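The same subunit A turns up in both complexes below, where it pairs with subunit B and then with subunit C.
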Partner chain A sequence: MNDMTQSAFANPRVIGQRTPRVDGEYKLTGKAGYTGELHAENMLYGYPVPATIAHGELESLDLDEALAMPGVVEIFHHRNFPKLHRSPNSMGHGDQVSEVRLPFEDERIYYHGQYIALVVAETFEQARAAAYRVGARYRHAEGAVPSLLDSDAEGTLIDSAGSSRGDPESAFSGAEVQVDATYHIAAESHLQMEMHATLAEWRENGARLVVHESTQGVFYQRNAMARIFDLAQENLEVISHYIGSGFGNKLFMWPHAVATAGAARELGRPVKVVLPRQQDMTGGGNRPASRQRIRLGADREGRLSSVIHDSMTETSLVDQYIDACGSATPSFYACDNLSTSQRILPVNHGTPCPMRAPGEVSGIFALETAMDELAVELGMDPVELRLKNYAEQDPASGLPWSSKHLDECMKRAAKRFGWDQRDPGIGAMRDGDEIIGYGMATCTWFAGRQPCEARVELRADGTLFVACGTQDIGTGTYTIVAQTVAELTGVPLAQIEVKLGETSLPAGPLSGGSMATATTLPAVAAAARDALAALKEVATGSGGAFEGGEADSLSVADGAFNDGQRTVSFADVLETSRLASVNGQGSAAPGDEQNQYSFRSFGAHFVEVRYDPGISRVRVARVVSTMDIGRAINPPTARNQVEGGIVMGIGMGLFEKLDYDPRDARLVNGNVADYIVPVHADAPEIDVEMLDYPDFKFNEFGARGVGEIGLTGIAPAISNALYHATGKRHRDLPITIEALLAGQ
Partner chain B sequence: MRTFAYSRADSVERAAHATTPTAAFVAGGTTLLDLVKLDVMQPSELVDINALPLKQVEWLDDGRLKVGALVTNTDLAHHPAVKQHYPLLSEALLAGASTQLRNMATTAGNVMQRTRCPYFRDPSAACNKRHPGSGCDARDGLNRMHAVLGGSEACIAVHPSDMCVAMAALGATLTLEGPDGEREVPFGEFHRLPGDTPHIEHDLADGELITAITLDAPLAPAGSHYLKLRDRASYEFALASCAAQVALDGDSIGTARLALGGVATKPWRCAEAEAALAGQPATLESFERAAEIALADAEPREHNAFKIPLARQAIVRALREAARLAGTTQEEQA
Partner chain C sequence: MMDDSAHSQHSRESQQTLNFTLNGEAMTLEVAPNAVLLDVLREQLHLGGTKKGCDHGQCGACTVHVDGQAMNSCLRLAVMCEGQHVTTVEGLAHDGELHPVQQSFLECDAYQCGYCTSGQMMSASALLADGRIGRDDASVKEAMSGNICRCGAYKNILEAIQQARLAYDATAERGTAGRQEGAA
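Showing the complex of A and B:
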């Protein structure tokens, strides 16, 4: 293992500096083409027809009226859609999909919004109007399961998602102090800004398929589509240049993309489908509802002797999705006796999928609320209780942490927040009509890396081209890739062209799991070094600008080489040798450090809520957070991720809930007016501090991920603050007005 | 594509005459186009009234304020006469929708906006309002947002307007122009209770156009407050709202005006509660009693029972604020 503590990036000039987004201009001026805006010559528009029942069978389709409408070219359904193969759906082989059932496989209906037909027409409006006129008759089946929250079924135990150490059951029953509580979280929608969209075009007489998709993983989609359409991977290209965020629901392909590509093949013309918001919310992924029971045992001094965390989450009837709520729990606190278990229950919804901090954000809500309950039982300050059970190494693996400063996070955030001003008495702090509540919780998210390749080209016109098949889902990947090559070559950002989001580029990772930064940058750096080495060879070779010199003696600065006497720009080096460009390849992958350390990011949130009991109104007034995420490559975009996570956490805590009709499992609030998320007026004063402890054991940049951690821990900090204000413990999310009223 | 005829009306008379039963006027379009796209409204003809000269706000000789049908919600909320003499209306308008929507939305369009009942907005659900006789999926469905006042077997959909709640409290008159000429309707009589015919929502005949809404002369000196309670801080329809106006007579209440939103099938004036407040001391007990009276007939369904205590809270707090402001006004004038 190379000793990365001697990082080339120990004293960076561009890395870690506030850098405006290099794609900002394109986004502001509308030049950034999102999938839904793209146009191909001779293109048709598809509009899916959603099932209006959630459980049963399609008895018949009446297509006469729709087919006769102007502009309608074809309507696909289970009788005429081509027979395709399913994807093997393997994470390891890179062909995972979000829902393994293909569109229009048969007449069975498993969820509201499942596609029963795809209308294809010359214009979008024609397709939509005809879709409204497709008649469907259904045979309703008994026994639709609308939600885990309405069910007392036991579900199926997933052994692989549980863990155990010591003897948690006896430690719990023998504990001096016990907490035993059950928590529920409603299903949530990702509600990413940009809807799912596909533009599929077959070329070379159907031998080659080019797909534009708003996706967090072009390679996964390419591989899955190759299996589904029986194509060699080489004959398939997936492109995703700009993505209006995904939050996890664009990690893996959904059936609409298969329907679009199938229709395009049958019709011999490009077809584009942009899901309407309603269909995006029924069949485009959701965070499944969960029920969690936590049992904590402790002694009077607050030392944990037992943690038992049992979870159940929803999956669909057509696929198996496991939202592992207990996955962070074994690493959270020093406690010898611990177990986690996970069950899943199939319900009549579209298949759930990862949503920002999947599993852990739900689990941390339960665990960190339970810890607050324990603190109340003990009469102990919640910060003190957490410090008392501080895990100095990872109790799950026994490995030392690569870098952990959670204690510092808690102390610094507490200080900025003014935690010492907290009167622990219930409802003791008032301001006019309002009761002020202070609450806190800690948070964590694992730091992972994947293998990655990249390419860098130094060009005679002075520009630098860098390419990697990962994606920028709006988080700023274009910019940090540019920063990396600027750091190593000194080429100014304005002369750097970054290309991402194509399967024709060197293989890059999913934009997910907060892994893209730590995965991509080392490969990009390796490619940049390789390109510099190639250029040095040119420079010192025969006819070169430094002919006869030693490659090693050339230093790099500002896009130029210097041998101690002369400075020659890369462009002149290439020109001198009559070359257009040199190329560098790079790859990087996690290594042996994975067996030596445990890698996680950490943080602490402190929240002030204001509750006006006279009108049952709760608002989050203030959030103060300190995060330990390694080094932030571009501090404003990193901070922006945490701030966005905090606002999303307010939604999870107080507003968000997919409402399925208990009678028939139909989604009732599938639109952004009725599904409530925070608006600007709900965003409080947010004060985020990022500790700067580069984690060079993890990679030479010292960066862990930052996309998800901000969301974890917010909902429990809110519910804990609300307990402080009202004395009522809220264990179900979202905390609604009716739940607040019920306490009065 | 579903086609429809489009025409631009150039005079009030012609607009009112030109229409057929399946035609619709389009003003700001923020309700209409939304529902057309959802396939809930299917007008065969759109008559665009935006060129009509109905954009003035003017004082009448009798001290009332006449508001043209096409005055936007934004312009009305910020109009100096409204801000000074009808602050309740300004507050209610600004509590509604978002800036972008208010810039488009018109006064008459707001009065005519349709319910937000999700079953009404979903063509595959049963809804007596959208499809008479098809049933009501809301009664035994997810009815958290639905009415506890003014509902019927056939329909419990809320009238969602904020502006109308303030108008109900302030008192107003609609001016209608139709094939048979002009007529006036008191605001409180314009919207209908659903009864057995929830598809008939108001007193407008086919082809009739709202040309103006005239507000009763302002109550002065008085204090007022519009309080809207909802899940999030902005950009959401009310779970319960209250428009309250109080004129003091010494330490006690002289005149009170009270209307509710978010809880009723039409903008809900609380006349009995108003009467009960007159002459009472401006105290929490009086306000609480008024709230009890206002909600005495409330009938909850499975998921909306919380609206009754919530509306009670809205009434008490709105009256408290209105009385406080009335006190301040009285002092200033003294």
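Showing the complex of A and C:
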């Protein structure tokens, strides 16, 4: 694995080519089966009942009216729900969950929306109607913590999430130029379009559990459920063929899935639960609010002498979630003196979880806004300041980068954007009623790989079957897996069947961390090569199509072997030997390259905002970005990821805030209209360029992953552009109209 | 105990008979009086193409055509559809051939996870048949803003709609009725 420049994919024909999604027609005709629309024979419907307080105890439940309603089969709660075991919650052992506390463990209420009961009925309408008739009395407790943003508590220091080099405090106090600023980001909702959903079915008299779940990790959920229900993993199957995206909140299992499977076991019938949107937003994950203080020290020429990044993020009362804001900071700029620290503060919310570019996107907002503040202080162009502190190797590890072209990203994007037309004067650029602001920021996301297995069958009917227990959450995994086997075998895409999202398949990775592509494709390639080797043995063996030939002498093209004289299709090779198929297994894992290089993707965003001071309206008019992500396996789907990240970044910058009532910690805006996300009309003109520098040191495909990086750096580019337009520095997200109006 | 009492009239009442036309096929159903069209499609008829994203008329994922108009199926009781023509995403393609909007969504990669896609296409196909809506990008974006795509594929969706418009225009030039479903 040391040097993969001799990659089999150095000159690919299918890899890197525009390929329409192989699952596209299913999605476009309504045939793709997402969890919430699946059915099982004799299935019941569950509808959770959420707590209406955020802190206290459930004093009593009044179930009489609800139980008497038509179609109601049972109502589960803390007194009658089966006693289950908790998951060990280990990332290493693959049984991590989003919230360790089981549903209905006891009477304690830790957050608004926590499930206090699950109504199960014959129809959806009956379950919903009865859920609205469940009565509850509570004992309110004092001291609910509604938000980190309203609190001056110090929280708990997490040593493992901090880092240090040099003497940052001394370097800061002795610096010629200092920036010392504090930034706040509101809690956000993933608001993935498909709510969490579970369909649980016990088979073989309760010995075997089959679960359909909208999840980014079928294996993690299987393993966790095995621990919780005390089942052998082999007796549990988790299936997720189509996922209405996740953005991180479907990585690990939530309590609704345990409630659903528990109810199904008790009742001996399949149960389906689709979380109502409000419950998805209270108990289905959130990006925690953060407070970050950044201190930068520099000399008059703009060389950084100190970076100090102190962060605090929310966690819940029932779990410990760390949204490590400073994790990219040590690798960002060449600076000898640096420290990061991380604190967490328990609040009365459902447990936070990773949300697209977790931690880093928040940290990059603070760091890249602070860098803009430093540029203003120095009277220096922000691009120049960044180039001056360019990290030629990874300052965190001292290792060389596998492949870094951030300087090229900045220069190329600046040129396309027209950055040289920027008049740096505040409010100096106008168009009619609007003031134009130009801002920029850089972005990064780590490149990681996980172990993975895959299987490929070559079949006598001319088709190819490829299987891996990862998922396609909308990034296009189905398609790039098909491209990979098409590349290696020459079998046309139309004859390739890709199976993902089942624990009965070879173990595949989480669809998260932008790691699925770099993790999955090497294993798929290994399996394809293994299948080809098996078929060559058949072909050259006794009675084979190339009997007596040398396996090594057979070349592969267009789904056929050629020995220099004859071409025989895989199908005919199999038929000749009376075989239905051959099977290839493959596995792949990160290797020694991890000790030799540092792997990250990079990019630069340039943003034009337009601000109308008459009505205090800001809009993002234009985003020009250049990304250094290694090779894009399927350029349109990769670009789509970056563009989508940019749109989400506009939400983070200008709109998105989970609003918790400061009096009682209840979520105020738990719906899709009051929690504002970008719509069509908010989408700016977007111009994304992807540099094509395959990173063969990372894997033979040269791909680093692209799901998260587009989001990072957008919010600071917006806030920096707004500063340019208005002269007002916005350090808190989202930048609301109230913030724009304040102090005018 | 829940905040909203909108569902207080629950299903003690007996089932109601609903006669309507779905994707060109006349049908008679027994539905609960409190059943909304979206749930009848998904749970009773097992037509899962119409998606539930909020159940509150806020996200657009459940958009269908009712007598040719794009509507949120989560905001209509099923019984309100008596005598009406309802078209879902399953009714867009004909004879195995994708509708122009479906074809352009495929070609422009106008989706990611695919969950909002049915609603986007139903709004898009209604928009393209609606002469009151301008042809320029800004008008299309405004008209489509009831359909949220959290994956943020807006740029490609806009491109797909404008590409599909060419097929609509070509159909109109040929003077044929085309395949403008829903208004049948």
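Points worth noting:
Quick note on the criterion: the second predicted complex is superposed on the first by the 741 of 744 C-alpha atoms of A that agree within 3 Å, B and C clash if a C-alpha of one lies under 4 Å from a C-alpha of the other, contacts with A are read in each partner's own complex, and residues count from 1 in each chain.
The working rule: a contact is a pair of C-beta atoms (placed from the backbone, for glycine too) under 8 Å apart; a residue touches a chain by one contact, two chains touch by 3 or more.
Since the model is a prediction, treat every value here as computed from it, not as a measurement.
Once chain A of one complex is fitted onto chain A of the other, the partner contacts of A:Pro636 are limited to subunit C, with no touch recorded for subunit B.
The larger set of touched subunit A residues comes from C, when the choice is between subunit B and subunit C. In the overlay built on the shared chain, the residue A:Gly244 is in contact with subunit C alone; subunit B does not reach it. Contact with subunit C, but none with subunit B, is seen for A:Val49 once the two complexes are overlaid on the shared chain.
When the shared chain is aligned, subunit C comes close enough to touch A:Gly474, but subunit B does not. Contact with subunit B, but none with subunit C, is seen for A:Ile676 once the two complexes are overlaid on the shared chain.
By the touch criterion stated above, A:Gly30 is placed in contact with subunit C alone, subunit B being left untouched. Of the two partner chains placed by the overlay, only subunit B lies in contact with A:Phe655; subunit C stays clear of it. In the superposed model, A:Gly135 makes contact with subunit C only, not with subunit B. Applying the stated contact rule after C-alpha superposition, one finds that A:Ser173 touches neither subunit B nor subunit C. Residue overlap on subunit A between its contacts with subunit B in one complex and with subunit C in the other: 52, 69-71, 123, 125-126, 129, 132, 671, 673, 677-681.
Listed in rising order, the residues of subunit B touching subunit A in the complex are 1-2, 39, 116, 118-119, 121-125, 137, 140-142, 144-145, 227, 229, 231-237, 239, 306, 309-310, 313-314, 316-317. For subunit A in complex with subunit B, the touching residues are 52, 69-71, 123, 125-126, 129, 132, 614-617, 619, 654-655, 659, 661-663, 666, 668-669, 671, 673-674, 676-682, 736-738, 741-742, 744.
Here subunit C touches subunit A in the complex through residues 1-5, 7-8, 10-12, 32, 34-35, 39, 42-43, 46-56, 58-59, 61, 88-90, 92-93, 98, 102, 105-107, 109, 111-118, 121, 140-142, 144-158, going by the rule given at the top.
Contact residues of subunit A toward subunit C in the complex are 20-21, 23-25, 27-34, 36-39, 45, 49-50, 52, 69-71, 123-126, 128-136, 190-195, 242-245, 247, 274, 276-277, 473-476, 636-637, 640-641, 643-648, 671-673, 677-681, 683, 686.
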